[in-house]
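For reference, the structures are reproduced in the following blocks.
Across the two complexes that follow, chain A remains constant while its partner is chain B and subsequently chain C.
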Partner chain A sequence: MKTARIVLVVLIALAGAALAWRVCEGLHVETDVLALVETEHSGSLMELAAGRARQGQLLLEGGDEEQLVKVANVLSEQFKLNTAVDFQKTLRYLAPRTRGLVSAETRELLRAGKFKDVANASAARLFGPVPPLFSVKDDPFLLATDYAMSMQSNLAPGWSLKDGYPVCERGDRHFLLMQCGDLSLEKAEEIMQGAERINGSFAAGFAKIWCCGPVFHTARSTSSAKREINLLSVISVVLVALLGWMLFSSWRFVPQLLVTVGVAFFVAIGALFAFFPCPHVITFVFGVTLIGLAVDYVYHSRSAGGAGKVLKPLTQSLATSLACFAPLLFADISAMRQMALFTMAGLAGAYLCALAWRPNGGDVGRVSRPARPRARGTRAPTFAIGAGLLVIAAMCGICRVKVSFEPSAFYSPGKFLAEGEKRLFELNPMGGGKFACIKGKTLQESLEIEEAAGLRGLSAVIPSLRRQSENVALVEKLKEREGNAYTELTGLKMPQEDTRGFLDVANVEDESLKKVVRSFSPRGKEIVVPCPDEFQSADPRVVVLDPRQAAKKMFARLFISAGKLFYISLAALAVLLIVFFRKKFLDYMSGVGGAVLCTMGMLGWLGIPLTCFTLLCFFVMAGLGLDYVIFHRSKPAPETRRTVLYSFLSSLAGFGMLAFTEFPVTRGMGVTLAFGLFFAYLYSFDEFFRRRRVTSSPEAGKQGRTKNSNASRGE
Partner chain B sequence: MGRSVITGVGNNNIPQPIVNSVHEREEQLRGSTNFIIRDMHNTITIAGNHTDWFK
Partner chain C sequence: MCKRRTVLLAALTVLCVVAAGGTVAVTPGSDAALPETASGTFIQRKTLADVEVTITSTGTFRFEKGRLFEWRTLKPLPSTFTATPTNYAITVNGKTSTRNLKSNVDEIAKIFEIKEVKEFVKSVKSEPQVGFPNKVTVEFKNGDRLDIEMKR
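So, the complex of A and B:
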């Protein structure tokens, strides 16, 4: 025990040093799901996600466009959204910078040599319903006016501007879009609650409000997770404390439990940060399983009257759990290596803490007896038959198990958000959900690459300087070819000198245009543009991203890797069990295998898909489940059974609560762990494998054990 | 949509004129710094002071 204490102090000191070192450098935790697995374009995808993280849209739907504008103005004022484009201000800013601005349609005509058509259209515009927007002294063909008009729809492709808001019409329904950039999660939640209130009230007849975009999903998930964590953690803690009290009939186990869990987490976090400067947040979520393992060590060492009395099963339990997680250390996915290191270091900490703890208190070695001990000599065929039928029924569900890599299996938005996204998807002409990430050395270069690739993103609003120069040359040709005739027709003179400048994307000062630039280029160099499904580019600087497909690939890779490693874990476990238990290893191994199959079957019956996250739960299940068998068989007495039962119930109270969460990932993990632990516990009974006497006295237990060993030797 | 009327570039549906000369257009715009024209869908605002646009 003294050695255990020294090793534990050294471990804690090392963990503290590692943490202090990282704290000095600044602790960083990766929270992006896309960072879980490095895929071909995961860097670009993460940039795309980071750029869009705070963006959201409010989609207003109603029968009257005027009404929608009024609602939008009220919302803008109430939530200080500033979503409308002040087109008047933008036009004033543009006025001295329109030299190279020509609409895409006019540019095509000029390039095709259709100068007459352009001149005719210019004359029509000059005398038509909409007067020039800029001075005609420098721009007699009103090409800047034409550009400004086309820019309106380019600001939001497929839409036109009304009073500064993009609007569109589908059948008898009108839609108005409010683009909100840089929304905080609190404000997003406030807006959503307001929108849901309005949609459910009388005002819904005039306008319905839908919230779309990543920020609203994050806000809703965060608030729901906070609510669930608060409620479920309180229930879990109360249940675990109550179960401990029922086992020991005292609260004196609490300090030991708290210290053991605390030490386990401290050592685990220290080890994690020592090797990984920026670990993923999922490691900590998965690491919560340490609590279950630490509870096991405390209960067994305390109920036996000190860890020394259960040193052998405790060590076997640690060794098998380590063997279970060790293969994950060799995973090619960093998050898996992190999970393994975290759990293994934490387990070692909990084990050493259990050994180092000097047992004291009246409850040590005194597990409360069951109220009515079973009668001596009771056989258990009924249990074996019942459990056998249950296991067979559960296993039958395996044929219904589905494996899913679909992002929808990991996140499903609520009805309100899903409705909004569906509507926006139907109204979005780019629809497919693909993005082109254009990587130039400067924003100007990215703009040129976008133009060369034929995409209409930022360059459709602000052309590159090169394209503006080309436009000037085309306009010169127009003047040369049609100038005289046009002067004769309209009375406007051709300017001798153009005093206007170019519009430079890198130095935009107008707020509305700045917003447009930021929406396409959140980081200032690259441009991210929605692109059609069929878009392809040979230019290596243009990367086509399909976030949905990329997420699917990532989850598939995680699943396959976890699956392979689970087989290796089982093999490692089998080797270790042979070393520990020789011929009897199958009794232990079959329990783990059976629990795995039954849990998979139950997932099949419940229609919960097998995902990379539920698969990771099988590692925990194997580690914890094997502990039940090891302890049950180490000393087959009612006290041991009772300790194992309460240890199982505490883990169930901790992990099973996850099954009541809204988030599909944690719900799936909760269900998997709950059934996994239940079947592992069921398989840990001797009665499950053979008919034997269940006794209440240690002597009889010894006798039973001798019988067992004789039976296993085939005597 | 409004835009198809305004940017009649390249098609044959050039809108009928609402003024007959550039002089008439100049007269129409005179004295207004915030001349707002609404067509079916769009609100157009003149950029800047246009009093010297045609001089």
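So, the complex of A and C:
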């Protein structure tokens, strides 16, 4: 025990040093789910996700456009959204910077040498009822006016502008889009609540407000998760404390439990940060399972009257759990290595803490007994038959098990958000939801690449400086060819000197244009543009991203990797169990295997798909499940049975609560762990695998396990 | 309610006077002053202050309330400007370029006050003030000016 204490102190010191080192450098935790797996374009996907993380749209739907504008104005005022484009202000800003601005259509005509067509269109505009938007002194062909008019459409492709808002109509329904950039999660939640309240107060058909975009989903998930965590944590803690009290008939186990769990987490976090400068947040989520494992050690060491009395099963339990998680250390996915290291270090900390704890308190070695011993006799066969039928029924569900890599299996929005996204998707002129990520060294270079790739994103609103210079040359040619005829027709003279400047995307000062630039280039260098499904580019600086497909690939890779490693874990467990239990190893191994199959079957019956996250639960299940078997068989006494039962119930109270969460990932994990632990506990019973005949006679009870079994029933 | 009715009546009267010069379709059973369609000829003088040039054009127009406003220039360059509630188009030599733009095609005078230039508009005057305008004058803050004479 002294050695255990020394090792524990050293471990804590090392963990503390590692944490102090990282704290000095600044603690960083990766929160992006796309960072879980490094795929071909994961860097670009992360940039895309980071750029869009705070973006959201409000989609207003109604029968009258004027009313939608009024509602939009009210929303803008109420939530300080400032989403409308102030076109007049933009025009004033543009006026001295229009030298190289030519609409895409006019540019194509000029490049094709159709100078006459351009001159005619300019004259027609001049003779038409619409006055020029900019002075004709420098721009007699009204090319800047034409550009400004086309820019309106390009600010929101496929939509028209009405009072500064993009609007469109489908059938008799009108839609208005409010682009909200840089929303905080609190503000997004406030807007959503406001929108739902307004939707409830409006008469049907007048106006509906839909919230779309990542920020609203994150806000809703966060607020929902916070609510669930608060509620379920309280329930879990109360249940675990109550179960501990029922086991020990005292609260004196609480300090040991708290210290052991605390030490386990401290050592685990220290080890994690020592090797991974920026661990993923999922590691900590998964690491919560450490509590269940630490509770086992505390309960068993305390109920036995000190860890020394259960040293062998405790050590076997640790070794098998470590063997279970060790293969994950060799995973090619960083998050899995992090989870393995976290759990293994935490387990070692909990084990050493359990050993180092000086047994004291009146409850040590005194586990409360059942008030009334149950009658024996036919119990074992009945149990075996009942359990056998349950197991067979559960296993039958395996044929219904589905594996899913679909992002929808990991996140499904509520009805309100789903409806909004569906509507916006239907109105999206780009269709499929693909993006092109353009990576230039500067924003200007990215703009040039976008233009060369033939995409109409930011360059459709603000052309690159190179293109603007090309436009100037084209306009000079137009003046040369058509200048005289145009002057004769309109009376406007060709300017000798152009006093206007260029519009530089890197130095835009107008608020509306700034918003446009930010929406395409959140980080200021790369440009992310929605692109048609069929778009392809040979330029390596243009990466076409399909976030949905990329997420599917990522989850598939995570699943396959976890699956392979689980087989290795089972093999490692089998080897270790052979070393520990020789011929009896099958009794232990079949329990784990059976629990895994039954749990998969139950997932099949419940229609919960097998995902990379539920698969990771099988590692925990194998580790905890084996603990039940090891302790049950180490000292088959009523105290042990009761300790295992309460240990199982505590883990169930902790993990099973996850099954009541809204988030599909945690819900799936909760269900998997609940059934996994239940079947592992069921398989841990001696009666389940007994090959020898169960008897209630005292003579027979003197032999082998039957004796132990009798003893365990308190007779 | 009363105020809205007054505005409506005023609008109806405007359209009634418009009908005096153009082809007017009157909705049966409603106020006789409510023209749904109108057409005729125009002379337009556009004065561009910064270059001191006045551009004169002539042609025909067609108005369908809430649906269409067509401004067909015949001289000096044949071209057509068409505004609908959702977009506008300019056609020259059979080639049409369309822009998405919300336009108010409910009142003729308002058409010359389209969104882009609305803030730059100093004043819009029509004569007579009630009914179909035979003359519309739009003054812009930069000194530009639009004088339109319309005949049925």
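Here, the second predicted complex is superposed on the first by the 683 of 715 C-alpha atoms of A that agree within 3 Å, B and C clash if a C-alpha of one lies under 4 Å from a C-alpha of the other, contacts with A are read in each partner's own complex, and residues count from 1 in each chain.
The definition used in the following text is that contacts are C-beta pairs under 8 Å (C-beta built on N, C-alpha and C of every residue); 3 or more make two chains touch, one makes a residue touch a chain.
Since the model is a prediction, treat every value here as computed from it, not as a measurement.
**Student:** Once both complexes are superposed via chain A, do chain B and chain C end up clashing or fitting?
**Tutor:** clash
**Student:** So, does A:Leu94 touch the first partner chain B, the second partner chain C, both, or neither?
**Tutor:** In the superposition, A:Leu94 touches chain B alone.
**Student:** Determine, under the contact definition given at the top, whether A:Ser150 touches first (chain B), second (chain C), both, or neither.
**Tutor:** Both partners, chain B and chain C.
**Student:** According to the stated criteria, A:Ser160 is in contact with first (chain B), second (chain C), both, or neither; which is it?
**Tutor:** both
**Student:** Thinking of the overlay built on chain A, is A:Pro131 touched by chain B (first), by chain C (second), by both, or by neither?
**Tutor:** Touch status of A:Pro131: both partners.
**Student:** Name the contact category of A:Asn484: first (chain B only), second (chain C only), both, or neither.
**Tutor:** neither
**Student:** Between the stretches 6-14, 60-68 or 96-104, which region of chain C is in steric conflict with chain B after the superposition?
**Tutor:** Residues of chain C that clash with chain B lie in 96-104.
**Student:** Take the contacts of chain A with chain B and those with chain C, and give the residues found in both.
**Tutor:** Touching chain B and chain C on chain A: residues 87-88, 91, 105, 117, 120-121, 124-133, 135-137, 148-150, 152-153, 160-163, 167, 490-492.
**Student:** Would you tell me which residues of chain C are touching chain A in their complex?
**Tutor:** Going through chain C, the ones touching chain A are 44, 46, 48, 50-51, 53-55, 57, 71, 73, 76-77, 79, 81, 86-88, 90-93, 95, 97, 99-102, 111-112, 114-120, 138, 140, 142, 144, 146, 148.
**Student:** Please name which positions on chain A make contact with chain B in the complex.
**Tutor:** Spelled out, the residues of chain A in touch with chain B are 87-88, 91-92, 94-95, 103, 105-106, 108-109, 114, 117-118, 120-121, 124-137, 146, 148-150, 152-153, 160-164, 167, 490-492.
**Student:** What residues of chain A sit close enough to touch chain C in their complex?
**Tutor:** Answer in residue numbers: 65, 87-88, 91, 105, 117, 120-121, 123-133, 135-137, 148-150, 152-153, 159-163, 167, 169, 489-493.
**Student:** How about chain B: which of its residues touch chain A in the complex?
**Tutor:** Within the complex, chain B touches chain A at residues 1-3, 5-10, 14-23, 25, 28-29, 34-35, 37, 39, 41-48, 50, 52-55.
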